[in-house]
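Here the chain labels run A, B and C in written order, and each chain numbers its own residues starting at 1.
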Amino acid sequence: MTEEISGIKSKPVYNILQYDPKSRSNLLIAEDDGLIGLANLLSSSELIPSLTTNVMYSGSSIEKSNSKSYLSPDRYNKMSSFDSVDTLLLALPQALAKSQMGLRLYICGSEMFLWSVANIAKAAGMHKSEYNMQLIGSKARRVYCPHCEATSEGVTTDIHECEGCGLSLVNCDHFSREMGAYLGFRVDAEVHGEIPERQELYR
Amino acid sequence: MTKIAFKQPLETFREDFTYTNSAKAIKRFPFPYPEDKYMYSVNMEHHDGGEPGSVLEKTFDIDEHYLSEVEERRIVLGKDPKRFATLPHMDLHQWDLLELLMESLAKDYPEHFSLTKDNDNWLWENRPLGIKQSFVFGEKSTLPQAPAEYITRQAQGDFVLMDQRDEDLYADAAMVTSSADWSVQFDLGMSFMEWHGPVPLAHGMGVFERALKYLLMIRLGQPVRRLNWTLTINPRMDTAPEVYHEWGHERASVTPENAGKKVHLRVEVQTLFRLPRSNGMLFGVRAYLISMEDLCTDPAWAQRMHRVIKTLHPELMDYKGITRYHKALVGWLSQFDQ
Amino acid sequence: MSTNFSLTSRVVRADQVTPLIKHFSFERVDGKPFGPFSAGSHVVIGMNDGTESHKNPYSLVGSSNNFMEYEIAVRLDSTGRGGSLFMHNNIEVGSEIEIGSPFNLFPVYKPAKKHLMIAGGVGITPFMAYIDEMNLMHSNFELHYSVRDFENGAFAKELQDKYPNQVKLYIQANDVMANFNEILDNQPLGTHVYVCGPHQMVADALRVADELGWPISSVHSEEFKAPDPGNPFTVTLAKSNREINVRSRESLLEALENANIEIPYSCRGGACGFCKTEVIDGEINHRDYFLTDAEKASGKCMMPCISRAQGDHLTLNL
């Protein structure tokens, strides 16, 4: 039997991107359908057009040729498109190294994407009040296995097989922001082999 | 007289589980329940002494299991060195911890430990472990390990170093080899609310908000303490999630006949200290284990134990991992509450 | 156990560093070392001038001599309530005063990538301890220090000699003023700024930081301001069944202490929360930085070190 662990207070809660009026420059970062969140933000009347606003985007859901015009072109200075999320994440540290205090990040995409970006921001010295996150896209989880220290990406079910050690893990809502991952643990530790049916919960 | 008779040969907390408590250890065991029904509370008090001979008397209690627990820590770190982990900005906190432990142990157990200082040139002696270490306080290269790892390898209990910033506390360094089912690797860097995320019931009551505010204001020289408890099968110190896949099955091995021997009460004396140089906080978790059988040699304890376990809230039962053997345990304990 | 633990201490050095600033070093009368403290900590010095007692918080300068001594800097405030005047005129080598345990409301932000310190006059005091810590941690730091003139700038020569690339002096006598826009613009991500000095300087620096988009989590400041005066009022103490008067130039906390009622305290400026007191009746004029908006609105608690009665009476649960 699975012990139900619910209502855990470390689980992150996301909101719609809101423009920070104190910002001196803006960097908007999105993957796939997250572009919608950026578009909404750019159309916000509070956005100050004189400030530098740049966009970094990696996406396939919206036609690449369309993406630049999807956002109102007079509302941002420069958009950089990336072939993949990985190349975007590789370019981000350099962009931040050239930035100054007063920068705000607005991040939109799947949960895994949000935390990948947030952790790069943190490594650059940014505080959580300097970046905003909105979840548009997959709620699939990154799950950390304490037994073998591997993380499995894209987990949509409550129980999955660890990509590192093969054990069946149940993941709970205890979330590590440093890792951008949920905690998993062996589901049949008490009675080996007693593995309940898995349910898809995080699409 | 603070000279202690350390258990020899060393007891084990795994495999053959040779750990036992002497009559003296049973008598000083920190029984944690003030009432017949248990409800989660913060219950902090000043950590400034206790009854002579009790576990609360000294700043950091050393007992007959010292050598065995030091060896157990060595074994755990050998298999999984990441049970000691630190973020880069925690050097000052680590030196604070080293100073606090060395000074306390030397002051409270002069037969076993001594500390001599000549400005920053320190000499630390740990006679039970046969250690004589000269080093320069503040110079990492003069110690064989990181300062916090070095000294906690010679202490009983787990230690979490917290950085105080943003009106919050962050668990940014820790030595945890006797974890009650939480992972240092996973929780490293978490804020107070985040790492308490999994604790049931208490959140709705605002318990953690108030506790955090209280902790942020703790002053130098005025540490506090509280007791926490859980149950463990066999005298297993290391019940971390990392090895849950190894020990989890033990929960299913309890019967009404063997509950007395298998089920152990684990009481943690948790201490909180303001650290002088870093302005951080030390969270010390000192675990004491006793079998139900040994605990119930005291009739008053036995009766209360039965009542507490019988009436335990299901969410707490679940969180403490007791559900699977709850019935068997209550069955065994009922003999003491007729 | 009282949280207002204090130690009788003796002055071992008293230097009039500038006409307005006097440095004092203290040792415990029992001969034991004070022990280490964190950079940014303050202590409360308690003394009695014959008519009334004064308790003032002061930042601790960096420690030497293996923590045998504490060192503070006192700026003479002739318009104040007498504490600094007493210290300048009456406290000399050999004098005995009470020193409370250190508490830190202005600590170094450990994970910062860069530490930017802005000091004005006596505000340099906590930064002397900061620099000790920066050296230990090999941190990236910059100090911008405004003084009236070079000769009288406490520690100015020492700082400039030791850290020529990291310390910038602004000497008012030469008409060189710190330009906060220049200092705070173009700082890399992960910089934290710390400001300590006269009230107006701190307010200006904070305003510029805000205008330049610095989040408040990256901006830290400390100033020890005596509580502003207000209308006199009376207080009923419900538990002890007493009435006390609070005069216009004293705080409620001071009035309680003068009536021999001890409550916990630390910063004496409305920031630390130690003196939080339950209010049973009466409208409160909240002036603190500790209580939440909800707590202030509830009218059930207040910070006596700085807040006062809105009207002419309060009933406290003391």
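Convention: a residue touches a chain if its C-beta (ideal position, glycine included) is under 8 Å from a C-beta of that chain, and two chains touch if they have at least 3 such contacts.
Computed from a predicted model, the values in this text were never measured in an experiment.
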Query raised in the report: Counting C-beta pairs in contact, which comes out ahead: A-B or A-C?
Result: A-B
Report summary line: argmin over chains of |mean CA - global mean CA| returns B
Query raised in the report: Using mean CA coordinates as chain centres, what's the chain A-chain B distance in Å?
Result: 36
Query raised in the report: Once you find the CA centre of chain A and the CA centre of chain C, what distance in Å lies between them?
Result: 42
Query - Residues of chain B whose C-beta touches two or more other chains - result: 166
Report summary line: The positions of chain C in contact with two or more other chains are 111, 217
Report summary line: Residue numbers in chain A touching two or more further chains are 127
**Report entry** chain B partner contacts - residues on chain A that touch it in the complex
**Finding:** 3-5, 7-11, 127, 144, 146-147, 149, 167, 172-179, 183, 185-186, 189-192
Requested in this report: Using the touch rule from the top, collect the residues of chain B that touch chain A in their complex.
Outcome: 82, 166, 183, 185-190, 193-198, 200, 203, 240-245, 247-249, 251-252, 318, 321, 323-324
Report summary line: Contacts from chain B onto chain C in the complex sit at residues 46, 48, 87, 89-92, 99, 119, 138, 163-166, 213, 217, 219-222, 275-279
Report summary line: Given the complex, residues on chain C that touch chain B span 1, 3, 5, 35-38, 40-41, 66, 101-104, 107, 109-111, 133, 136-137, 217, 266, 272-274
**Report entry** Touching residues on chain A, where the partner in the complex is chain C
**Finding:** 22-25, 96-97, 99-104, 124-127, 129-130
